[in-house]
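Here subunit A shows up in two complexes: once beside subunit B, once beside subunit C.
Moving on to the complex of A and B:
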């Protein structure tokens, strides 16, 4: 376990290497939140407007303020490194080391997320706190606790999801551009831009079955106070179920993919 | 030198650079045709971003209410303009974003010695058409649909005014969005700045009229990103005052001069490290 602690620390140090980049990247996630804040305010506060989309104005503002940060926190990024490892033969060094490849990236991923988590969770606490006072809506401590639990699970779930997608590199040599497309589509499907529940019953039903919305929309919905305790517990159970399933699929793809690995360039 | 000779030289220079631009575009297209999978990957990446932009269209049309005094159909024109301009911006974006690498690795040396404007070479050497295609297609479809649905007149003045402000937006995009990339002459890595720049660009995802008064002033006069995609639509809706009409055409010129000045200063910081 000691080696994985070192990998975790390495990830943490790596994330802090380019501090300006890190700071600017954190600031950049505020801009879409501002756009959506104005958009929803303009829609809901229109005189005579009666918006029936399952969200009250207060819930939508809380969702907007939180989803952008949550989406930024859970997002992957390591898939490009895996693609490079497989494409250029850098995977060799991991194969001869006494580390498990998936666990190596998992702990490195967690380490890289620590600085983002501290800043983004502080931002969530400040913005939702201020919004709560301004909109006169209180977030209960139970919901905050459930939010934190579901957020940790969302982080793990997104890692598993991206690891499975990264395994595609064994079959296609260079998929780096494809990862870009997949990441953006996943942000949309996870509710990182708008809640998927807005887009009709069919989209809502499908999105609640698939794992994507459990990475962003579900934790965010908990904080907005939109979900009942039963819905929260069943949502957390679904998160756990998807994690187990994706770990299994990821391991299977790793074993199958490794047989195709030709160590080109290594 | 008399005026006639001056203009003749200017015209000759302009023609030369125009031919160079055509050659750069041709070579870029040939290079992209060689790696077709990369080209189509670029198209799919942009389709992903397009999905995000279209989700705003879906939200606005599903809400079905006037936002910032604009009907959903009118908003579609603004979002369409934003998508079209994004496609045009993306044509030169690879050149802008590769600037940092060239400075860091010292590969600017070879370009500095060429008898062509360095800024021109850096701006148009890597032109990418893959991201233009989906954006231009979706943008034009949205503009035409919104224009038709909103019942706006199709006259010579409205169409030519709309195109004039589109062109003004293209020039402003070049100057305004090259500026942050020039910071790479002072900073080692500008990935974070690139992210912020992209986020500022995305403010145009919605018409400026939804934002507060101070934000509108800031985005029109100080950091005039709103001019790029809002002024064509505002002209169409007859919402531009004579002063804004003037500012919409003057801002690209002013920011181009600023961009030239900053570029000249930035190049002096180039150390050819690693070259």
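Moving on to the complex of A and C:
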């Protein structure tokens, strides 16, 4: 286990090495939230508006803020590195060492997450605290605990999802554009922009089966108090199920893909 | 220690005609072509032996090494490295060997080399004491003690290559594959790396396969050479015996006081060059005395030298042939 702790630590060192990049990535997550804030304000606060989508104005703003922070927290980023590894032969260095590639990237991903997680979790805590006072709702410690559990699982789930997508690099040489497209679609599907419930019952039902909304909307809904205890427990079970399934699919793709690896260059 | 039998590896590729027309055509249809990067390569390396793997660019040296280190699957054939089949990628096997690739970076680019070393230490499960001993010994030998804490991307090529070698030796591998470790380095750095490899090998008896385009590397380090061309082994033996295989010839240069008539030289051997009063001939070694004495009596010879055919030229012949 020692080696993966070291990989975790190195990911952390890596994240701290480039301070400005880190700073800007934090700042960049604020803009979409601001845009959405004005958008929802315009929709809800126009004279004579009566909106019946299950969210009050305050709830919607709270959702937007929390989901914005959560989706930034679980987002990948390592898929470009994997693509580079496969395209240009950087994968060599992992293949010749007694280290498990998927686990390597997982622990390095976690390590790189630490600084942003500290900041984003503080942002979530402040948002929740302010909302609690403003809306006069109190969040129970049990829900906070559930939120943290689901957040960790969401992080793992999103990792597995992106790892599987990154494996596509074995079949198509350059997929960085594809990653860009997929990451936008995923943010929407995961409920990072607005809750999927807005689109009616069919979409809601489908989104409850697919893994995507369990990376962002599910933890957000726990924290904003929209879910019953039963729904939370079954949601966590589905998260676990998807993780197991995606780990399996990921390893399968890895094994198949490696047979195609040509270790180009040099 | 290393047995390679009928190892073959094909790559699929496709071509694109120059210009936009070719690109548009490739959008719809790409004809698959097959390149046999390595075909039917067989050789053996004994424990503790060091061999040089030579061959022109694209001959299949790197591909062979990549298969021996399990990075690539072969298309057919077999190989065993210390009893292991490399592409099964057993952890136990990975602890036994190391590969240094002159054209590939294995260190973590944005962190100092010592961080990469430490990660290797953790990955290979090396005790703190042994790790510290190895680092201090090797960084001393390679003369990089002051650079251990500098970001790898800020190092010069020569410094980085030394770090790559150091990183590869942290787990004390029994087998070492060196793929052009001196590529692009200046003469002094090349010399340093050669000296390091020699003294390291004397001490640790590591089995080494070395590829290089610098004949000096091979001459100084490898008593035995395997030459690969077009994916096939074309020579396996000592570098010095290569001449014997190539026809066992000597090169004879004469300088005369009067211009030489080309026709009188022809019966003695192959005329390599003739330039007024100076001529170079290639003749069979066992004819040497006979030819020399007849030449000396026939022509007004002022100067007379006999040399071996330079190794570079013998090797170049192997590169061109077949």
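We adopt the following convention: the second predicted complex is superposed on the first by the 250 of 266 C-alpha atoms of A that agree within 3 Å, B and C clash if a C-alpha of one lies under 4 Å from a C-alpha of the other, contacts with A are read in each partner's own complex, and residues count from 1 in each chain.
In this section, a residue touches a chain if its C-beta (ideal position, glycine included) is under 8 Å from a C-beta of that chain, and two chains touch if they have at least 3 such contacts.
All of these numbers come straight from a predicted model, not from anything done at the bench.
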item: Which of subunit B and subunit C A:13 touches, first, second, both or neither; value: second
item: Touched partner set for A:261, first subunit B, second subunit C, both or neither; value: second
item: Touched partner set for A:39, first subunit B, second subunit C, both or neither; value: first
item: First (subunit B), second (subunit C), both or neither touched by A:185; value: first
item: Residue contacts on subunit A - larger count, subunit B or subunit C; value: B
item: Touched partner set for A:23, first subunit B, second subunit C, both or neither; value: first
item: Partner chain in contact with A:199 - subunit B first, subunit C second, else both or neither; value: first
item: Touched partner set for A:3, first subunit B, second subunit C, both or neither; value: second
item: First (subunit B), second (subunit C), both or neither touched by A:98; value: second
item: Interface residues of subunit A shared between complexes with subunit B and subunit C; value: 18
item: Interface residues, subunit A side, partner subunit B - complex; value: 18, 20-25, 27-32, 34-35, 38-39, 42-43, 46, 49, 51, 53, 177-178, 180-185, 187-188, 193-194, 198-199
item: Subunit A-facing residues of subunit C, complex; value: 11, 62, 66, 69-73, 89, 91, 94-95, 97-99, 101-106, 108, 110-111, 115, 118-120, 122-125, 179
item: Residues of subunit A defined as touching subunit C within the complex; value: 2-3, 5-7, 10, 13-14, 17-18, 89-93, 95-99, 258-259, 261-263, 265-266
item: Subunit B residues within the subunit A interface of the complex; value: 38, 41-42, 44-45, 47-49, 51-52, 55-56, 58-59, 62-63, 65-68, 187-193, 195-196, 198-200, 202-203, 205-206, 210-212, 215
